[in-house]
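Presented sequentially are two complexes of chain A, the first with chain B as partner and the second with chain C.
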Partner chain A sequence: MRPSRTSYPLSWRLMDAVEAIAAAVWPRSFSAAVPWLMLMPAVVLVGLLVLGLWDMADGSFRKLDTATFLPSDDYSLANYDRAFTEKLFFTVASRSLIGSLIVTVITLVFAFPYSYVMVRTRSTFLRKFLLIALFLPFFIGQVVRAYGWLIILGSQGMVNEALGFVGVAPIRLLYNYPAVLFGLVQYMLPFAVLMLAPALTAIPEEMESAAGSLGANWVRTFIHVVLPLAKPGFIGAGLVVMTLSLTDFAIPAILGGGSQDFIANAIYDQFFRTSDQGMGATLALLLVAVGSIMVGVVFALFGAGTLAMGRSK
Partner chain B sequence: MRAESKGMTHTAATAVEAPFAVSVRDVNMVFDGVHAVRDASFDLEKGRFLTILGPSGSGKTTLLRMIAGFGQPTSGEVFINGLAVGSVPPHKRSIGMVFQKLALFPHLTAAENVAFPLRMRRFDARTIPDRVHRYLDLVKLGKLGDRRIHELSGGQQQRVAIARALVFEPDLLLLDEPLAALDRKLREEMQLEFRRIQRELDVTTINVTHDQREALVVSDEIIVMDHGRIQQKARPEATYRQPKNAFVANFIGVTNFVDGVVANVDGERIVFGHAGFAGRSGNGFRPATGVSARGALRAEQIRIGGGREALGDVDTVFGGIVTDAIFEGERVVYEVAVADLGGTTLRVFDHDPVTHSQHDVGSSVALGWNVKDVLVFGD
Partner chain C sequence: MTGPSKPFLNLGRRRFLQGVGLAGAAGLVGMPFGRAFAAEPEKPKEIIVRAWGGSWVDSLKKGVSDPFTEATGIAVRHDLTEDNEIQPKVWAAVAQKRVPPIHINWDTTTNATKSALRGVTEDLSDLSNLANVTELAKPVGLDGYPIVNTYGYVYVLAYRPSAFPDGAPKSWKDLLDPKLKGRIALYNDGIGFHFPAQVAGGGKLEDIPDNMQAAWDFIAKIKEQEPLLGEDPDFTAWFQKGEIDAACTISTNAREAKANGVDIAWTVPEEGAKYDTDGLWIPKGLPENELYWAKQYINFAITKDAQQVWLDGLGLPGVVPGVNPPADLVGDSSYPTTEADFKKLIRISSKVQVEHESEWFGKFKEIMQG
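Up next is the complex of A and B:
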């Protein structure tokens, strides 16, 4: 005879009751549908996004009527023509693209040693410290952080004050391209570290020992063993950093001070300053296209399997 | 000798007298407050196959890793070919190592894995393909060089790991329990392969394992370790037949222990404990009367029969009751409670095809053995 049911804790008996109700409401024969049901919220969310995109696609073909300040009723390619010919848009687009490439490279270079030490260190204290240092900026938010940089890098900021003590005249550290890139790298670093860490964890330490015993010093071990094995992590982190910095708004706006606009800032201006919704939609769609093409090219080159997705053999 | 060798690492003066392939001198290893290796010293001649045998946590892997250069001894010195290697990093030692989980590179093919040490050690690039082929042939993988690691079976991966560790002709081959994860049949096959390859190349080899059978099968010499200390270094037969202490006797083979207080010592012969139980002094143990002692008796040294007359030529006979009989195919393992030995249960192997599985649980049997087969140790 089994022990009485009441010998189980209350929470277990409650779960049993819930399971019994679920079994009554949702018979076993429906169970094949459960995974799909759980997928539904995500599908609905993405679906709504596609609906919005559809609306924007429609708007992008309507030129702004400067007389009435309303979108025209008839369709034309005028907005796309402007996007590809006007110098301003070209400048903004190339600034964002080149910027995001530079940010990606620098961020990955900085993120690798950080995550490597975080993963490999034997000191739990150091690991915890590195993790907390990584997450702390997340709690602060992008805008506040960018504002922090204004305080530090401004013409009367801490850096210039320190330079003043040693007799150096104030240097303009803000509202230029390097300031924006600097802010983006600082913002992206945690993302890259967090995406690299699992990839590095997946490389057994024995692999590096083996490379050592086979005659590789640490540089060769890194190039011939760690780097190839960490490739999925680098590609995943690179994609995230690249797309996030390409589409970033706050950092170019605050640290660029209006002179270093990225695509997102240009889109914002079209929607909310000039109220040219058609032009804004056009730029937004082009940004989506560029981002998708970039991701597509990376997948085509390295395969989606490089993200360590799919079943392992 | 040791004092003057310090700080003179690169001169001939550091060479120990005989150029042993490996000499370990008074090595200690302490990390995180754990004394993993204590006062380890041994010499290994060139071309020999040594196995370091011990339970997990005995310090055997730590000792091996120090020889490989992963981890510096807290004190003491390791010599390879007579030279102190304390400050030499792993990649500058001439040591091939097969790791516990093999650590083959999954992004390379089998042949590229084997070529890896040659490329890292900057061998003449033109000779590499030929040499890789030779070593893949040596491990009988001649045709599989183009396969990726995950396309190979467990045994084939073992062979790639061996080829990779040997292809650059290292002075020393280290095996860090690479066979532990294999199923029994494959493991026994690979043990013979290790032995064949080691003899073919005549490479000095140190193998680490907790598998006593593997140690006996593959080795020229066995070091038994426990709690960080080397318990015994001897040839396999000697390790089995003349264990130096109760730990070694217990760890290798199936051994019965009978505890008691010494009643009488007559030269080699020690009578102790119950009902005149006697044995031969193990490892020069010369106890005084009244001291407690342990007698070690191998399961296969005990004969079992329905009565005294069935046992043949033995000088000690005890009666007992069968408490369990386990049929293992080629042998039957009996557990017999012996009342005259204070109820001690003795394990007995019966390989005899005639008496095989004759004794049921609960039946009375006679056990017989010779006093010379009981080795007596101190506690």
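Up next is the complex of A and C:
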């Protein structure tokens, strides 16, 4: 029996036509290449980054000639020699490294209870409130947030005014290392919570109930059940916070009062203040190298955490 | 926003014609303006001038850009990208033979000298109004006019009078007073402070650049005072918010803060204060017609009329004889006009500064970041 027109509608015929055209343009034998094709945009982006790094690597071996303000034609290790011997770069690098570690630890300590309550609460209102409070800072740029702290913590800011009401003289809360670390922790907290929350969601509540039914109090349950199972979240969040803190520019520049530079500030100075692009490239490449090594060590010791996307390593 | 009134328009045109020196030569007085440039290259719709923000760009707009637009019909767009940040963009454009992102760079002479040494600046020697300027307009140590210096400025010691009840500080050493700990500010690369620090530290200016140990020793003492380090806008903000009581800054910033109601005064201490210049230059790679009009802009900027309005706003002495100081700066040490005034100031050639700037900045940072 001939099929009626309604049993094979026009839309299906159109789809057949589209499929036929697609098969002509991209034969079925090419199907194995589809995943690679989908990867192409990312490969192009990473390729451009590598090209840029290659260009910077070339520049890092050229010394600035201050008679012509052009890079030298010949290659040398002069910039690397400066980077490893000048006290300024050592000071700034060690401040950045130590700072990023401190910020990571403090941020994870603050982020965990926030994530835990957000994931476990039975109150829809509280969960929504915590989510809004989490996402609100993303709508406010880093620079604006840092300026907000200038208003709150300045000599004539809200905190000092409040202290004044109880007879405390104004104190300098800004333009020092603790102020930079404080600003970084506040900036990094939402990132850490966002990385921790999926890991905590993946822990079945029954595991905690089971521990309780076997006699563990909440402290033992927390230490022996929740923390170990949340390890992937801690690793993922820690890596993100550490690398972002290590490379941050705005918070040290604004809250540091000019005397608490991180590596990114030193790189900016070389590129834009002294016009020494070779030295700037050298510091930038060393920062990439140090950051990569730190991430590599964490991967080797603890795995990639949530960044492993479900794989064991 | 309403446009300028007719009389102002006419004045602007007349000022411009007088300024560019065309009126007399071409007999253009009274000629309809449309014909004044009949033989000139095609006009671009706009030219882009990089400038500093705040009172700096306001003054340039009022004194130079607006009259230029009124006279030529060419709009002037001010690009407020930081001078340090526009530099690599211009250098890259010239190296890649692209049209540069700006027509004119309003720049420090030291920065501009770097660009001149790199060979990215157009020669401005053919500007007709260079015949009427003082020697300050000529960049030292460079051939021709790759830059035209347009005014000088002084890095003064700005202070809050209430913090100095015994009167103005007399010496840079007064910044070492323990009561000023955490209450002073310098530029974050130390610019403006290296040379007076050399004197305050017991050294000699003749030893610059070979031996500046006295400067570094004095800066190390200043470091113990925990100074804030920032840029031009920071100083005004810090004075306004009560964060600091004294700063080494350009007099224009102090004057702007005062105009904003901040209780502030300034002085040139006994060791002297750094005197430097800013200038205008044109990057290579512009189309011929745009280059021509960019040059006309600079030519106009060094007329007496333009300088009078522009530099009234900045409170700085220009490069054209006969420009009158603003009423509030007559006899002020930050507005040098006489030989005696200049004797109190420290001027080091741009070439020496350019060659050693990186080293000095690095040393200053090393002390301050330690």
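In this section, the second predicted complex is superposed on the first by the 278 of 313 C-alpha atoms of A that agree within 3 Å, B and C clash if a C-alpha of one lies under 4 Å from a C-alpha of the other, contacts with A are read in each partner's own complex, and residues count from 1 in each chain.
The definition used in the following text is that a residue touches a chain if its C-beta (ideal position, glycine included) is under 8 Å from a C-beta of that chain, and two chains touch if they have at least 3 such contacts.
In this text the structure is predicted, and so the values were computed from the model without any measurement.
Undergrad: With the two structures overlaid on chain A, would chain B and chain C clash, or do they fit side by side?
TA: Fit.
Undergrad: Kindly classify A:Gly212 by the partners it touches after superposition: chain B alone (first), chain C alone (second), both, or neither?
TA: first
Undergrad: Per the contact definition in the header, classify A:Phe271: touching chain B only (first), chain C only (second), both, or neither.
TA: Only chain C; A:Phe271 stays clear of chain B.
Undergrad: In the superposed arrangement, which partner chain does A:Val225 touch: chain B (first), chain C (second), both, or neither?
TA: A:Val225 sits against chain B, while chain C stays out of touch.
Undergrad: Determine, for the superposed model, which of the two partners chain B and chain C contacts more residues of chain A.
TA: C
Undergrad: Which partner chains sit in contact with A:Ala67 here, chain B, chain C, both or neither? Use first/second/both/neither.
TA: second
Undergrad: Of the partners chain B and chain C, which touch A:Ala20 in the superposed model: first, second, both, neither?
TA: Neither partner.
Undergrad: For A:Gly258 in the superposed arrangement: first (chain B), second (chain C), both or neither?
TA: second
Undergrad: Could you give the angle made at the Cα centre of chain A by the lines to the Cα centres of chain B and chain C, to the nearest 10°?
TA: Between chain B and chain C, as viewed from chain A: 160 degrees.
Undergrad: Upon superposition of the two complexes, what minimum C-alpha distance (Å) separates chain B from chain C?
TA: Nearest C-alpha atoms of the two chains are 46 Å apart.
Undergrad: Which of the residues in chain C end up touching chain A in this complex?
TA: Residues of chain C touching chain A: 82, 84-85, 87-88, 114-115, 117-119, 182, 188-189, 226-230, 241-243, 354-358, 361-362, 365-366, 368-370.
Undergrad: Chain B touches which residues of chain A in the complex?
TA: 204, 206-207, 209-217, 220, 224-225, 228-229, 313
Undergrad: In the complex of these two chains, what residues of chain B are touching chain A?
TA: So the residues of chain B in touch with chain A come to 68-70, 89-91, 93, 95-97, 99-101, 103-107, 116-117, 120-121, 150, 164-165, 168, 174.
Undergrad: Show which residues of chain A lie in contact with chain C when the two form their complex.
TA: Residues 64, 66-70, 86-88, 91-92, 95, 150, 154-156, 172, 175, 257-261, 266, 269, 271-277 of chain A touch chain C in their complex.
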